[in-house]
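Below are two complexes that have chain A in common, paired first with chain B and then with chain C.
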Partner chain A sequence: MMLQADSLHVARSGKEVLSGISFSVDAYEVYALLGGNGAGKSTTLLSFLGFLSPTAGSVLVKHTDVYSDIAAARKAIAYLPESASLYEHLTAQENIAYFLQLAGMSASSPAIDAALDRVALSPNARRRKVGGYSKGMRQKTAIALAMLRDTDILLLDEPTSGLDPNAIDEFHQTIRSVADSGKAVLMVTHDVYGACHAADKIGMLQGGKLKGEFAAEGHGIDIEAVRKAFSATVVPS
Partner chain B sequence: MSPIWLVATDEWRFWLRSHIAIGGMAVFLVLIITTSLLAALRIEAETYARINQQDEAEKTFLTQPDRHPHRMVHYGHYLFRTPAPLAQFDPGLDLITGQAIFLEGHRQNTAMFAESTASADFGGLSWLSPALVYQLFAPLLIILFGHGSIARERETAVLSSLLAMGITGRKVIAGKTLALLSMAFLLLLPLIGSGALALSASEPVSSVFLLFGLYFAYLATWVVLTLMASVVLKERSAVLGVMAGLWLALALVLPSVAVNVASNTVSAAGKIASDLVMLADLQELGDGHNAKDPAFKRLRADLLQEYGVEGVEDLPMNFRGVVAMESEKKLTDVLNEYADARMHAEIAQEKVVAKFGWLSPVLAVARASRAIAGTDLANYHHFQRMAEAVRFDFVQGLNHAHVHQLSYRDDINRNRDEDARLRARVDASNWRVLDAFRFQAVSVSERFGNASSAVYMLMAWLVIMLAILFWRGDKLTP
Partner chain C sequence: MSIPGALRREVRFSSRDPVLWLWLALVLGLSAMSVAFGLAEVERQNETIQKLIDGDRHDRLAQYDKQESWGSAAYYSFHLTYDPPSDFAYAAMGQRDAQPWMHRIRMLALEGQIHERDVANPSIALIGRFDFAFLAAFVIPLVLILLLYDLRARERIAGRHDWLEATVGQPTSFWLLRASLRAGAVFVTLVVPVIIGGMVAGASPAKWFVATLGVFAYVALWTMACFFVSSWRRPGSVIMLALIAIWVAIAVIVPAGARLAIDRLVPIPTGADILLLQRETVNDAWDLPREVTMAAFFERHPEWSEYQPVEGSFEWQWYYAFQQVGDQRTEQLSTAYRDGRLRRDHMAAWVSILALPSLLERFLQSLADTDLRAFFEYEEGVRGYHAALRDFYYPKFFRNEAFDRTLLEDLPSFKPGNPGMG
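Up next, the complex of A and B:
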């Protein structure tokens, strides 16, 4: 088990935002968290990173309680934040090289270029500073970085937001091959069809509670069932 | 490479790509280099002028013709204070205290401003010294460079990415601190230039080192304060606002409050008021020009008894000279008493201002800087004491000639006719009571001693703020 939440309760600013959710993500698995705005998806990711300590329950990364060794958990995870956070004064190349060096990895230009090729960031853009990038270009850079981190676990918060349809398809393929190489991927998304396409499991989050899980059987996940469940969660009850 | 080093080098990369940072740096460098050069030229011109004036004054005195020795006591002499070598970096009190004293018998004059040549004046900008540029403007540059260090990364959310990668808050802050400290070090390089010039004017290397260390600690304090604001506050604009306010308070408001408090709590009697009291005291001593003044009755009786003679004209020395000598000594004792009281009052005021160094590192660094440069109150008092020693020696030297080289009879008859006047003279070789004078600033060890308490204050500021920063840095949140 790479990631595991056990009756996780988390409060932010004194208000409970996660009320006892339990799920787990294994190696070779892509797990998609679906849910409306404010459901607690990002909060769940932050809990795995040790940014928000649980009021009850626990979060485990590689069988170890996150809050007993935050540094170890963070080292095992590549995290793509909700809004791609990059240094504006650096180019895509420089951003990735800098972050990789900070993570204690060597950052060769060919490897970085290859990763940027995979997310299809135009070579022209790579030489410019991120300060002048569009949202999608930033997102591509951040995805390339997360892939290059080569960690056992990826936490991706709305990785496809801002991407054009081609890039989204490309991304789903990439994610699939990453998981197939033995990594665990937990991603947050609003894209029902994409999630069904790329994920092995889907968790439906509403009001801080897990309202259902859908797993792939035979020919993938039942899109209709997920779509129905999703509409139910976003309609105020 | 360690994350600390990486963060530090990236910060430099950010500055080098920022027009504001480069522009700010350029303006500062122009300011510090021009003030340093102008100050160096000014001090060189001034040193040259003072030495010339001193030599001129000595020559004039020595070339006076044969005269009655007491006329030379009133003819007087000038002493000039050459600036300390490091005055080109920090002129301190030199700007508001005189450099020339007129020495004469029976009085202690206050120092005047020696005339300065126009070329040494540089359009009245002499108050803007390199020290002042470092004390007031360098912190602004550090705020400009450092305000965004953490807040910028929080605003663009890269901070959360860093923390999520397992880089600790302390390491991020240590990297930013390292970058800003290296920047502070660069800002101080022109100080080494000023120091090198001072070294060539025989300033010991230890004081230049200490001065460099002092300003580095001072700028480091601003680095830490700026980082603290950047860690605690959410937005760059808030950090800028708070730091600008802090700068105003520490650099402008507190110093003037300190001076006000000092002048209100310690009353140094005004010069005129204390002079009036002193005159009354002096009158009781008797008039040294009048050997018949009842104040010298006792002296006369003692001498007559000692030499077993009937009248002062039978004494083997000139009684009028003896009276002049004795009265100068008594009078000097009283004058010194008043001078000491005045200096003590000034020191007491300075001590009150000094205590405010606990509240403002600007005050602490300013005081330590003046002390190390040898341009503080202690140095000015040192000049006054030196001048008084010279005055007393030369007056008593002339009185000695009066006692032994001029007979009492010739002396009292000096106004009878032209011949008598000529007889009442001593040889001009007696004017050599003067030694060639060169002002020497207080010794280095004494200067360090004067600076020590302010240095401790600054160190306390730095250590406490650094401890708070790193304690707080452990809890750095995105």
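Up next, the complex of A and C:
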């Protein structure tokens, strides 16, 4: 078990935003969290990263309570934040190199280039400052960075936001192969169709509660069932 | 990541921040300017002193040629006393801006001559000269605040704060490294001009090394303060306001409040009081019976008590005696003035433990011998020199010795306490 939430309760600014959710993500597994705005998806990721200590329940990373050793949990995780804002005055390569060094890794330019190839960031953009990038280009850079971290666990908050359909397709393939190499991926998304294709499991989050889980059976996840459940969650109750 | 690796990473990162470079250029400019002003002022003071030294003996000899008695020779002669700037004065002008550092004294009552200058500037200017000490103590904290207040808030606004913390192993040492690097760059740009200035001025390396250590500790303290306040989860503007409030409190409010309180707690006579009392005593002496004046004089100089004043005729013995009695009368007031000011200064020193900028300024001024202690030492030197002059002249007056110009070669000359620069 790479990630595990156990009747997790989290409060932000005194208000309970996660009310006892339980789920787990294994190695070789892609888990997608679906839910409307404010459902608590990002909050769930931040709990695994040690930023929001639970008011009740627990979060485990590799069987260890996150809040007993936050540094160890973070070391095992590559995190792609919701609005990954890179340093505008640096190029994509420089941004990636800086963040990798932050994580205590050294990165060769060929390795960075290969990762940027994989997300199809155009080669002449790589030498330009990120300040001049489109949203999708920034997202691609951040995804490349998360891949390069080469950690056992990836926490991705809306990784496909801003990407064009081709790039989304590429991303899902990449994520699949990452999981197939033995890593655990927990990603937040609004994209029902994409989630059904790329994920092994989908958790439906609403109002801080897990309203249902869908697992791939035989030929992937039942898109129609997920779509129905999803519309139910986003319809104001 | 190893410390050198992290350091290299952050140096490379910060070196690409144009705003940091602008701040460093500003600090370098201000520091170079303050040091250049300081060196120029020290040179001007040294030149003034040198010119007066050159003229001192020459003017006196010219006077002697016109005189025929010891009494009139003493009356018309001026004697230069001066306090040359120390080799570190360029960095901290201190009392040299507010207090006289040279006098041309005569054999007349001394206290009035010493305090004459005080009348013109009775209180110390609130904001002194823009010297290095002022820059380091008062301006640099503001630069540090503006450079460090949004250490985290900036990243929070960019939505990068949690990402950075999730990526780096030890967030606290990461932020600390970023803060110290920026503050360290400020420290280096701040002290390089003062060290170069020290070499130009020929200051002893020990002196600017100790000064540099003091400034380092001071910058480190402010960096820590900025570091802790900036880790507060509040908008950058709130953090900046909080830090500026700390600055205003310890740089302005505490010293100003303390000065008011200390002045009220330790009342002291003014220089003008001393001057006035002495003038009155000296003027009244003309109308007093001469025995009264002489009796007061003989208390100090029983060795001349054989002298019998003659009422109605002018005698130099009596004239200089009442000058000295003028000093004797104001002695208590002068001592009260001096002790009072030293007591105030002593209390201000204690307060400056809370008002850190003043503490650093005082530290640099004491290194530069431009503090109140150095100033009073100079004044004591003037009194000592005046006493030596009296010791020279009194035997000549009271033994009615014939005027001999050649004996004036034995006139004591003033020896300044601080060896001058260069």
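The rule we apply is simple: the second predicted complex is superposed on the first by the 237 of 237 C-alpha atoms of A that agree within 3 Å, B and C clash if a C-alpha of one lies under 4 Å from a C-alpha of the other, contacts with A are read in each partner's own complex, and residues count from 1 in each chain.
Heads up, the rule we're going with is that a contact is a pair of C-beta atoms (placed from the backbone, for glycine too) under 8 Å apart; a residue touches a chain by one contact, two chains touch by 3 or more.
All values reported here derive from a predicted model rather than from experimental measurement.
K.L.:
Label the relationship between chain B and chain C on chain A in the superposed model as either fit or clash.
P.N.:
clash
K.L.:
Which of the two partners, first being chain B and second being chain C, lies in contact with A:Phe51: first, second, both, or neither?
P.N.:
both
K.L.:
One more residue to check, A:His89. First (chain B), second (chain C), both or neither?
P.N.:
In the superposition, A:His89 touches chain B and chain C alike.
K.L.:
What is the contact status of A:Tyr193 with respect to chain B (first) and chain C (second): first, second, both, or neither?
P.N.:
Touch status of A:Tyr193: no partner.
K.L.:
Considering each complex separately, which residues of chain A are in contact with chain B in the first and with chain C in the second?
P.N.:
Residues 49, 51, 71, 74-75, 77, 79, 81, 83, 85, 87, 89-90, 98-99, 101-103, which sit in both footprints.
K.L.:
Provide the residue numbers of chain A that touch chain B in the complex, in ascending order.
P.N.:
Contacts found on chain A: 49, 51, 70-71, 74-75, 77, 79, 81, 83, 85-90, 98-99, 101-103, 129.
K.L.:
Once bound in the complex, which stretches of chain A touch chain C?
P.N.:
Against chain C, the touching part of chain A is residues 46, 49-51, 71, 74-75, 77, 79, 81-85, 87, 89-90, 98-99, 101-104.
K.L.:
Residues of chain B touching chain A in their complex?
P.N.:
1, 3, 6-7, 10, 13-14, 17-18, 156-168, 477-478
K.L.:
Looking at the complex, which residues from chain C come into contact with chain A?
P.N.:
On the chain C side, the touching residues are 1, 5-6, 9, 13, 16-18, 158-160, 162-170, 174.
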